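Mind having a look at this structure? Questions to follow.
Chain naming follows the written order as A, B, C and D, and within any one chain the residues start at number 1.
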Amino acid sequence: MISLKRSLRRSEPYVAGAILLLSILIQVRSGQFFTGNNLVDLARSMVVPALFSIGAMMVIVSGGIDVSFPAIASLAMYITDRVLLSSNYSGPVILAYAMAAGLGLVMGAINGILIAGFRLPTMVVTLGTSSLFIGFMQGVLAASETPVPPSMLAHGKEKLFSAYNAQLGLSSDMPAQILILLGALVLVFLILRYTMLGRGIYAIGGDETSAQRTGFNVAKIKMFIYCFTGALAGVTGVVRASMMMNAHPTNLLGMEMTVIAAVVLGGTRVSGGVGTLTGTTLGVALLTILSNSLILIGIPTFWSRVFTGAVIVVGTGVTAWQAISRQRRVAARRTA
Amino acid sequence: MAKSNLSLKNAARQSAPGDRNVFRLFVMLVLVFVLMMALRPSIFLRPANFNSMMRQLPEYGIMAIGISLAMMTGGIDLAVVGTANLSAIAAAKFLIAVAPRGTPNEQVAPMLIVAVLIALATGLACGALSGTLVSKLGIPAILATLGTQQLFTGIAIVITEGRPQSKLPLLFSQIGNFEFFDFFPLSFVLFCLVALAVGIMLERSKFGLEVYMLGTNSKAARYAGLNNAGILFRTYVVSGFLSSISGLIMMARANSAKADYGAAYTMQCVLVAILGGVDPNGGFGKIGGVVLAVFILQILSTGLNMFENVSNFYRDIIWGGALILVLLSNWYLARRKERMALARKTA
Amino acid sequence: MKKAFRIFVIAMMMTAAVASISAQKLPGKSSKPSKDWKIALVPKDSTNAWFVRMEVGVKQFAKDTGLNAFQKGPAKTDAAMQAQVIQDLIAQGVDAICVVPVDPAALEPVLGEALKKGIVVVTHEASFQENTLYDIEAFNNTAYGEFIMDNLAKAMNYEGVYTTMVGHVTNASHNEWADGGVAHQKAKYPKMTLLAAEPRVESEDNLEKAYERAKELIKKYPNLKGIMGTSSKDAPGVARAIEEMGLKGKVFVSGTGLPNENKTFIKNGTIQSTTLWDPKDAGYALCSLAVKILKGEPINNGLNLGLKGYENLQFAKGSKKILIGSGWIVIDKKNVDSFGF
Amino acid sequence: MSEIFLRASNIHKSFGGVEALSGVDLEIRKGEIHCLAGENGCGKSTLIKIISGVYKPDSGSVEIDGRIFKHVGTTDAIAKGIQVIYQDFSIFPNLSVMENLALNMELMAKRKLMNYRRARAIASEAIAKIGFDVDLDERVENLSIAERQLIAICRALLHDAKLIIMDEPTTALTKKEVKALFAVIKKLQADGLSILFVSHKLDEVFEISERYTIFRNGRNVTSGNTAELDDRKFAFYMTGREFSEESYRPTSLGDQALAISNLSLRGAYEDVSFVLRKGEILGITGLLGSGRSELVQSIFGIYKPDSGTIEVGGVPAKIRNVKSAIKKGIGYVPADRLTEGLFLPQTIKRNIVISKLDKLSSAFGFLREKKIGDEVRAWISDLSIATKNPSLPVQTLSGGNQQKVVLARWLANDLSVLILNGPTVGVDIGSKYDIHGLLRTLASKGIGVIIISDDLPEILACASRILVMRGGRIVRELLPEATTAEQLGEISTGVA
């Protein structure tokens, strides 16, 4: 009973409910939601935003905010791509991932040094480094679209299985890259839940001074967060380029706000300390389903932004309203 | 006595972070100015170049002021560009309907006033919607305004089908592009007036003080009897209003209105606000700083356009670098001050 | 208050009148020596592969002629930012500005000002631009749309349901091509029908989105047989969706596209042909035209800018501004390997 | 006699040129309960932080259990068995009770992984030590302040401590909880631990400690056996001033200032009625959860009561929100000064005038700077707020002066009713007397004052009438002269 009450205080059930409602709406309007190929398509669309959201969520939980991950992903991916192309690399794709992760880690470390070492405000730092990375990529490297090396191309074509829709005769491939997402989810879940490092991330987000006193090495934990999210962003960049079979330097830019919105929508507290991977994934799922189903619902292209905007406003409104009334209930309960 | 004096001085320095930041920004502005002057004196110092800068900065400068206001309450307004375009489109739709190009100026003039009022009213309404979501429903501002940005752009696309609204009466852009003494653009004068008005509002009015206090601690604000919801609401309404002025300026400069003009301005305005010293957590920030940041950005981008072979993307590098340098110098100066104080004591 | 406003308006109208009188004299032959000329080309943005290719043409021109020609674009595809770049160039006193407008309407005032200051203005992909001396079209927009439609119709065997895809619904030229294509289909291919529920979808100039939208369309409208793409990302994105869904030979796509990006699809037949004009040539041609004007050479029908496709430019019907070149390149199985980009 | 466990000698420490400690000494014997007292800003906290390794002293040394440190490291301190319970509890509101209790232990054991079963065991053991009944899976932010403090105490007890430093641990505890805590402390002492108990509540010092040390302005004033101390001496050592406090009797009761009839808020309080007269100081006490805070917050417009009426000055008052409460002449000094009362980084000036802006601005909403300046100067001198420059951030002030700023804010508003929730929580003794005196003056000028406090001696000293609440109802009305702190405590808990 207590645990039921407690779970109703979380936002995951509400986001899950919203997803269910939306799914039913899509199913009714198109008859094509609960089909294998559609679900595979959605899973595929989720890969990149979900990978980003993992890092964004870790940062927000620790009490910061990071807007530099699309820039890190783009720059890491672009440098990797160019280096591998120019050296005519044809070995396994793992090198691309390792390189991009390494580059991302270095860029994340720059964020980390400024944030953990100099204790500078996270949003300002990441806005600044984001500008730097983009400027470096487009100014110094004069980045433009390039093809990807053969290993990434082959990797982009790898599929786990195909979902076949007999009714329409359509099939959809589950991209291999979803394994990277699942791997990242499991890894981060384990880190957050079962390591002191992970608990430290929550602790810092709850109260940084207390964390210091309790014995957490706050600077080290922060350094880890930004390095890790940087590396993850680098990997995400390569995932995107291989899935698109094309290295597009600016394609990911501008995603930061939507990803952060998804993370917050999934119940992560903007002020830090609270947030779950389940909620985050649900938040991403909701926004991905939304943006990939407007045609299925039958919303004309001209209306798509109105609809998306309205759903964000209404969706977050409901969650926020629920939080407000929860606060009231808590106040009453405390006195009872 | 000496001891307490010292602590007083230290504390006084603490008390006016905004002023110090404004001074540092001013130094930076001078540096950027001198740098550009030194590198390309023949081009940079032309009056036409200054005129060009003054014509470019108002449209995003005014939106940056709007975003800054929202940030001072601890929020953010990502819907400024959407609001600006929707306001401009509303005015443009009206003008094209009642006074298409070619209508005699005498007939256009009164309609212009109505059109301007329509735009401003649209801005107010957009701000009111964002404001309601943030203040009454308590949606985090970043989400609420991300939603309304989509919504406003969406509505703009629906009513225009994405096409530019261009057959505007010429009188509009003639007035909009009027230059005092053939040098100071009307839009720049408007920007100065807006900055002055908002600056005065923040520093001298009850509402301004309430914005700072609410941004510092909303719970304490509630216990102090401030109408938190009302203040937040008004902040976003003001931001919406300012955006609609920006929208009109864009409309005059482009002589048309369209759903996606200036989409890239949003992040630029956030950057301007932050370099201008506005605390993204709320409570602190000065319009003077924001104005200086706008000038710095403009000199940088105009400056880079003087170099044929330097890509505009270097602006991003300089900008990001400047942001981080300012932070680091703040950090360094604070530390040095501490050290010097210690040295003085032990000496 | 009212009176003050009236006076203000009258004052404005007077300045406007003065301005329009001075605008009568259009820029032309430059009195400066040609080595001092500065010719700037302003693209829509600087990272897009398309405009990177265009810059190659500009650099080639500068090398060939020894003149100071350069490309200077905004950091993002944004009409307002493009206007700012042009404004700065005017202030710096360049002699000619060649523009590929993000949005022609938005540039009218700033280009008008350039003309007023005696700067030569030529445009590309902006057939409705008023404040320009000449507009070079590699081709006629409507005709280009018609040609894409012809390609699609042929692939669809002249029958079935189709829809159109644009980068953004706010993109003027994409919409012109799509409109041209649709009108052409209505006139010429009666057995084809435009999908009424979704006559135009957005790919956001993004390969991944084009792919996702195509999948969605095919799921929702199983009888959809063709997609007419406009953005260079549309055709390859849609082609990938078609291949993955196992609809090769059942659903067709046509559109603009760079050879490299479409090579596999063209070779394996998912895309029969894409259409293209080489932005490098367009960049070269724009600079070349600007220089001709600065030299005071006459601009007439049959103008030869000295490179393929631009040897015999013709004024559009009833226009003294729009110069139309001899078309686009069709990329198909036969020539896809011959481009090198 | 017994051995010395800790000896701090001639410690100096300054911050940014301001000396916080100028050569202080402190000795704690093994197995003793030692009280460290002094006003806020006297250097108590700084010394604690030096002992626990947070700060490095400029000079001087600390000897712990026979080993002399120039600079104690945090790990040294913990290894030597020193545990500090800070005033702000150092807890994580977003984590569960279990994690709050167990994390530190796990970190000390240098564990890299989180084992929830082990954590639960640790946590259960910890709460069992003081018989604290709490749901281990509850998030701490959903608990009351007292419960949070108990968690902080439980956590410190977990460690194999030889010296536990408690920085004003009883601030937010009710009488019953304090008793439970003292029992635990005594038990720990019996086990041979030393306790450094930082407090400025005299009754607690007497009750718990054997020896004391008092600081003033970063220097030792005195130390000795608690038994030799009395009320007067204690206050004098702390402040260097003489105080005398008589209980307050209004000379003449005026008209009705506030009348509450049958006020109810479901889940908080029920059917509460009372009348407050002008010139009266009404004390309301009761355990946490007795509904007292919600009751006064309802009067101030924070909560909306379900039923009942409020009259202000004999006129029925509809109080919809805080603003309308202020308009009716009601002021409220909240319990948590730092988060609810003050805008810490903002200036003293702004903090004082924020609730009076309507009157201090022109018709167009512009601030009247001169008027504001006059107003602020007047309050600073009236309440003797220790600052030279009202443009300094309010966080530069001591707790007592901060509280005076909050008071000034309300006094500026021509109140008829002033409600104080914990008027002297975290306030040094000098300011405490100042504030008590001020409340008497206010009442004698005809303001109706309500005090909510757990500090029973404070209630007895200040209030002219006392209401005791239990389970959301008023259970007793008492006069202070006929009541003792013990009786009051028993009525609150329902023993009597």
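A few remarks follow.
Quick note on the criterion: a residue touches a chain if its C-beta (ideal position, glycine included) is under 8 Å from a C-beta of that chain, and two chains touch if they have at least 3 such contacts.
All values derive from a computational prediction rather than experimental measurement.
Considering every other chain in turn, the ones in contact with both chain C and chain D prove to be A, B.
Across the two candidate interfaces, A-B and B-D, the one carrying more C-beta contacts is A-B. Look at the CA centroids: the one farthest from the centroid of chain A belongs to D. One finds 30 Å separating the Cα centroids of chain A and chain B. Centres computed as Cα averages put chain A at a distance of 44 Å from chain D. With each centre defined as the average position of its C-alpha atoms, the distance from chain A to chain C rounds to 35 Å.
In chain C, 46, 75, 169 are the positions where the chain touches two or more neighbouring chains simultaneously. Looking at chain A, one finds that residues 138, 142, 302, 304 touch two or more other chains.
Residue positions of chain B touching 2 or more other chains, listed in rising order: 157, 161-162, 311-313, 315-316.
Pairs of chains in mutual contact: A-B, A-C, A-D, B-C, B-D.
On the side of chain D, the complex with chain B involves touching residues 14, 16-19, 302, 321-323, 325-326, 332, 334, 339-347, 350, 354-355, 357-358, 360-361, 364-367, 369, 388-389, 391-393, 396, 409. Within the complex formed with chain D, the chain A residues making contact are 2, 6, 193-199, 202-203, 205-207, 209-211, 213-216, 269, 272-274, 330-336. Residues 114, 118-121, 123-125, 127-140, 142, 257-258, 260-261, 264-265, 270, 302-310, 312-313, 316-317, 319-321, 323-324 of chain A are the ones touching chain B in the complex. Contacts from chain C toward chain A in the complex involve residues 46-49, 52, 75, 169, 197-198, 200-202, 206-208, 212-213, 215-220, 222, 240, 244-247, 260-261. Of all residues in chain B, those touching chain A in their complex are 78, 133, 137-140, 142-144, 146-155, 157-158, 161-162, 267, 270-271, 274, 279-281, 310-321, 323-324, 327-328, 331.
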